[in-house]
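Next up: some structures, all given as structure tokens.
The following pair of complexes shares a single chain, subunit A, combined with subunit B in the former and subunit C in the latter.
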Partner chain A sequence: MKRVVLLIACVCALTLPVALCGCGGDKAEKSSQIVVGIAQDLEDSLDPHKAVAAGTKEVLFNVYEGLLKPDSRGNLIPAVAESYEVSDDGMAYTFHLRNGVTFHNGNKVTAEDVKYSLLKIAGKTGDTPMIPAYALIDEVTVEDAQTVCISLSEADVDFPAYLAMVNAAIIPADNTTPDTVPIGTGPFCLTSRTVQDNILLTRYEDYWGTKAYLSQVKFRIVPEIDTVVMNLRGGSLDMYAHLTTDQVAQLGNDFQILEGTMNLVQALYLNNAVKPLDDVRVRQALCYAVDRKNILELTSEGKGTIIGSSMFPAFSKYYMPELSRYYTRDIPKAKELLKQAGYPDGFSLTITVPSNYQPHINTAQVIVEQLKDIGVNADIKLVEWNTWLSDTYMGRNYESTVIGVDASYLTGRALLERFYSKADDNFTNFSDPAYDALYEKVITLTDEDEKTDCYKAMEEILTKDAANVYIQDMAEFVALRNNYEGYEFYPLYVLDMSKIKPVQAE
Partner chain B sequence: MRNKKRGLQFHIAISFVAVIIALVLWGLIRTPYDPKVMDVSLKLAKSSADHLLGCDQFGRDILSRILVGIRTTLMIALGTNLIGAFIGLLVGAVTGYFGGLADEVLMRFNDAVLSFPSILLSLVIIALLGSGTYQITIAMGIVFVPSYARIIRSEFMKCRNMDYVQSVRLMGAGALRIMFIHILPNIRVTLLTSLVIGFNNAVLCEAALSFLGIGVQPPQASLGLMLSDAQAYLFARPGYALTVGFFMVFLILSFALLSDALREDAHA
Partner chain C sequence: MKYLVRKLITMIVTVLMVSLFVFIAFSVIPGDPAVGMLGTTATEEKVEILREQMGLNRPLPVRFAFWMRDFFFGDMGLSYSYHIPVKQMLADKLPITLTLTGLSFLLIVLLSIPLGILTSKYYDRFFAKAFDVVNQLFMAIPPFFIGILLTYLFGMLLHAFTPGNYVSYETDPAAFFAYMFVPALSVALPKAAMNMRLLKSEILSEAKLDYVRTAYSRGNATDQVLYRHVLRNALLPVVTFLGMTLTDIVAGSIVIEQVFSIPGFGRLLITSISNRDYPVAQAIIAIIAMLVVLINFLVDVIYPIIDPRVRKHAQ
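Right, the complex of A and B next:
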């Protein structure tokens, strides 16, 4: 009994302060509500500066905004700030705040709030910075009520991109409990949350930009991926964002299916430090042995984009389509390379795959078949996600693994940093002096074009050295019930609900 | 065993089991197609003259995979029960025959193991051993020990003071001889029926573990793994799941009938 009371108290504590904020949560007519399925609850934190999981950030994207925000084409657009200037040495940024931006509690966004938020993400108030780049913020000065100046300890041309992440959202300085009381400036406010069940967003009527079309968005947590199709068909969900071809094939005519890409680099990642994969010829042989088109046809009916390096097409600036054609299936050549490397009869290889990602398991199964043709005897080892994280990713104790790697911010560095030989997250143990030199050079450059050229050269090295067997950026499908429209794909992992509108019934 | 009229149920059960053994042998000698070869053009193909039961999501022949899958599933079930029954027999015989302190200690330990849900316990053991066909056989075998130990213990307790045991004991036979040469043959019916039931439990347990992705590793085939694959195509191609499901039901039904028939046979 005590526990029940405690639970009720917790729920009240969680929802009450939210309900007090100035959200226009009027009785919404049925057609302007939507129920969206998500895979997991926002378990990490409602504080945007502490959000870790991609699934949390995609929801909080609707509630919070930074000084800048990304648009669906990958550009940075001004949000809380109206414009900004960079000093010539790239060390100081001056942001001019937009007039009339208010928090969900009705208060105006002041320069002090911006200063508070930026110092908080930079780790100056006790938190650890979510991404290392935030630690570059050296000082934040309030010049006048509408102007904030940020000085950096080191120039970084990608700095504005970091500020566009949900992790750099502007939150009110007087909110002492951002973990549980989410107050942002986004098009929706978070009005209630039932742990492990749903999250309710309501349209923010005083939003500075184009107001959302829907008055209410309910994110329902559907932890069991296999029940998603049934929930959609049964009518308890109106939308689900990360579906596979197989799931889409089972939906009826009630849904429009939108095709996008997952913005992941799916590859057979190779541990470059273990024998025989430390030999570049062996890695190239694997690249020649794999038939990417066949993988796509078998696992996703040909949907998805074949890639050839650690970059996906949504990063159009850095993406090099020609690299995806660098290795095409060539069994004699692969065998020749293996012979040169001293493995004329092939070798055996273990492919570790996390058991909760069926698409990766499917890809691995096809690869196993294809590698047989060059005498490589591959075995699949399924492990739990946590084991994968600790042993394979952190411990680097594996031979090869099929996984998708994503980018957390809008620059090439997000994907290419991990192949620097000294990078903490270099789980493939890739090491190449030319690559390291380029990486060390690129982080000091300030000119955008030079940077892009540098990133492209890095991509080429990854392809030619066959760092990994790059496969695809997987296709992903969004199912949206026919009486809604307006879904937009982003190059980042976000669900922008403010663009979705109900279709007017004739 | 004396010659006596066997019931209809026994004949049905035996013929079902014979069918299963025939399927396994067929799969051993040759399958219609290589169960691992993929073919894009046959992705989720419906049944046809070439592919009697159709093809799965990679265009692999379902019939071939079922033939191999039944074998995998049965081998796992067999291995599991051999491990479970062997260790269970040792524990049950010792505790049931001697009683006393050994009984107390071993049985409390037994109770402790039994109090874990079997799936959870298998998960723990698999976490230690890693996943794979042999690993789940061992894990499930260990999980099956307590229930065998319990059944065998109660049989031994029942028998240990019976007249024939007393007589052998008076003739000076040692404990081991009494336990395994005199008592064991007399509890064979109980042992046999529990083996057959255990077989079914093992089939279901394999299915559950493979379903969770920690049992048999793809691209190998087992009924549980195929069922978990098929589930993703439940609406698009219900035949796939139904076919695999049918074979699993058939397998379990046959052994359930057999166990019933054996028991009735013993009482008749």
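Right, the complex of A and C next:
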């Protein structure tokens, strides 16, 4: 039986380019194609509901859409759905599907497909839900061909935001192998992939919205960061999205350099459960000992935004700039705090850093030097990403770690949820009754303003309790060859290729 | 025949041992494929469910036995990362790595043997001495660095190829070979330099032996002595070296593939290890081990053909 399924999967994979109609553009002229470098292949899954890595989601964003999708300003805009209504108690959402939305295989999106997709992400069809929030979906009923009603187990005003993620994409119910055969509704179809080499997207000609300008986008996998610059200059890449200041400096005049932020909370995350970090005074001392401005100057020529809590500026609604000034470098004060905590001579600290993220290693190196001034002897332990995931993140077996945490959806909860003491992903073991009370309250609130105030109060607790040593939202540079334009930064980690267009030669 | 059978058994035992070591290594090193697949969404419960689905909770000897049985029947399992059969993935990648290895080997032979003969024949001329210095230089530079230098030279200055613009052999074989030339050269240069030096010193030491004087006294010309007598004797260690080199460049191409963005075995091996995509990593390592054993076997076969003494000895 297994063999048969496998065989079918193979046949499907082979016939994929033929099966998808409306994905033309084979003989497109050169100017409407682009080659984009990415650091890793899509190694988790082509099934949007199983996509985990930020690098996978940023590519799949072009292929899949949910009922709603985010725009570059962080608003939710309708996608597969045209509009929706919420019941007065906030427990039921009625979505009206847009007319004329088709999948890449040419089939019309039906209410049944929507029901199938939503039940799949909610974990009702076997898989565990990827995002805990999807477990809120209690029941999905098809009211008529164009209307779907979702009832929730608890009210949550953020619910539409969860549906705007790639992980909540609408996929056809009759696709039995979404892992290998990607069929979505987005502006591009994924027409072919060569393992560890490239992923080819072609414009979907029957897209319901504004069609993409480019007829073809080739994502080329360039795992060696040192060769990226050479490939850009040599002409085999037209665009690369996550460059550092040194790399940008080596690019010639052929490229426009766009500066944005990574939308990550980079911090020296502290395991709040281990000694001596379980003492708030020790954590505060570390915050006072670190000079964030100096870190930015030494690692990125001063580019980046200093932050003071688990929130980055792109979330303008929730972001509190004053928190970034809460701790400024003050060595005597830091020493005094350490003395009070019973560590007048400092202590030793291990900083675990995943070895594949150079920016985090750089930051950790500067922190090590700065902590010497208060007698804290820090040393860096480099570990492989997979080891970091299992030992540090899941096992919580570490003292401190430098990493960037991103938001997977457009609400404050995405960043703040993990510091709830009972949260599965609370890898810092942060525990504060006031924080827990606020979290339990905020998820029941339905008023947007009240909710925002609540999130802000939570951010303040994280800062005052010195949950972690918050550093920055790192600067990110996008290099785009001069004959293209239209790149847009999002408050989420996505690469929107549909907005990029070739510049007309004059 | 008996010889062949013995070699075949050695080959099977080697591959078995290597696979077993790989299995043990993967179970000892930290990191978990299920955790890798779930990334930052991983929770204890989800990992446990996934491990069960992936069959990772079965004891190691059981997993090894199943894997070995399937591998023997040509089934290498399904990649954790790509959800496609490993066999299909490797079938796509094998030609790339074999081309790179073959091309490098060809370059090594074509560069080192004529140059080795030439520099030993005219060992006291200025150009031969100058060559020794250049030779030393190439031997000292590791292939990946030569790769970077060559990319700069051919790609940036001469515009002979576009760095990173790898073309698949399926879309355009000519462009594929053209792209593979510079990487193959980077692998070949240091090895060619070593081999040339070895050949030269072998020829020069053979030339001091009595049989050479006898050959001269019989009235043979220098070229006759060199090609008929000295070279045949001098080639024996060179064949051994070339055999070792071939196994070495199968492994060495892994690094070069990274430098030149070639999606061959090497790249797949590195990413599959860091993603803990064991079915892929195990299959690649087993295949590389098989290739190495096979090459050594071929060297053993070639030996008696070149040297009749070995043939006699074997009998």
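Here is the rule we use: the second predicted complex is superposed on the first by the 485 of 506 C-alpha atoms of A that agree within 3 Å, B and C clash if a C-alpha of one lies under 4 Å from a C-alpha of the other, contacts with A are read in each partner's own complex, and residues count from 1 in each chain.
Here, a contact is a pair of C-beta atoms (placed from the backbone, for glycine too) under 8 Å apart; a residue touches a chain by one contact, two chains touch by 3 or more.
Owing to the predicted nature of the structure, the values given are computational and were not obtained by experimental measurement.
After superposition on subunit A, the partners subunit B and subunit C are seen to fit next to each other with no clash.
In the superposition on chain A, A:D197 makes contact with subunit C only, not with subunit B. Of the two partner chains placed around the shared chain by superposition, subunit C is the only one that A:E224 touches, whereas subunit B remains out of contact. In the superposed model, A:V366 makes contact with subunit B only, not with subunit C. After overlaying the two complexes on the shared chain, residue contacts for A:E297 are found with subunit B alone; subunit C is out of touch. In the superposition on chain A, contact of A:Q40 is made with subunit C only, not with subunit B.
Of the two partner chains placed around the shared chain by superposition, subunit B is the only one that A:Q247 touches, whereas subunit C remains out of contact.
One of subunit B and subunit C touches more residues of subunit A, and that partner is C.
In the superposition on chain A, A:A437 contacts neither subunit B nor subunit C. The gap separating subunit B from subunit C in the superposed three-chain model is 6 Å, by closest C-alpha atoms. Taken together, the two complexes place residues 233, 356, 383-384, 387 of subunit A in contact with subunit B and also with subunit C. Listing the residues of subunit A that touch subunit B in their complex gives 226, 229, 233, 246-247, 249-250, 294, 297-299, 301, 355-356, 358, 361-362, 364-366, 368-369, 379-384, 387. Residues 36-38, 40, 43, 57-59, 127, 130-132, 212-214, 217-219, 231-236 of subunit B touch subunit A in their complex. Here subunit A touches subunit C in the complex through residues 6, 9-10, 13, 40-41, 43-46, 52-53, 128, 130-131, 179-180, 194-197, 220-224, 227, 230-231, 233-237, 356, 383-387, 389-391, 393-394, 424-425, going by the rule given at the top. On the subunit C side of its complex with subunit A, the touching residues are 30-32, 35-47, 49, 78, 81-85, 88-89, 92-93, 151-152, 155-156, 162-166, 168, 258-261, 263, 267-268, 270-271, 274-277.
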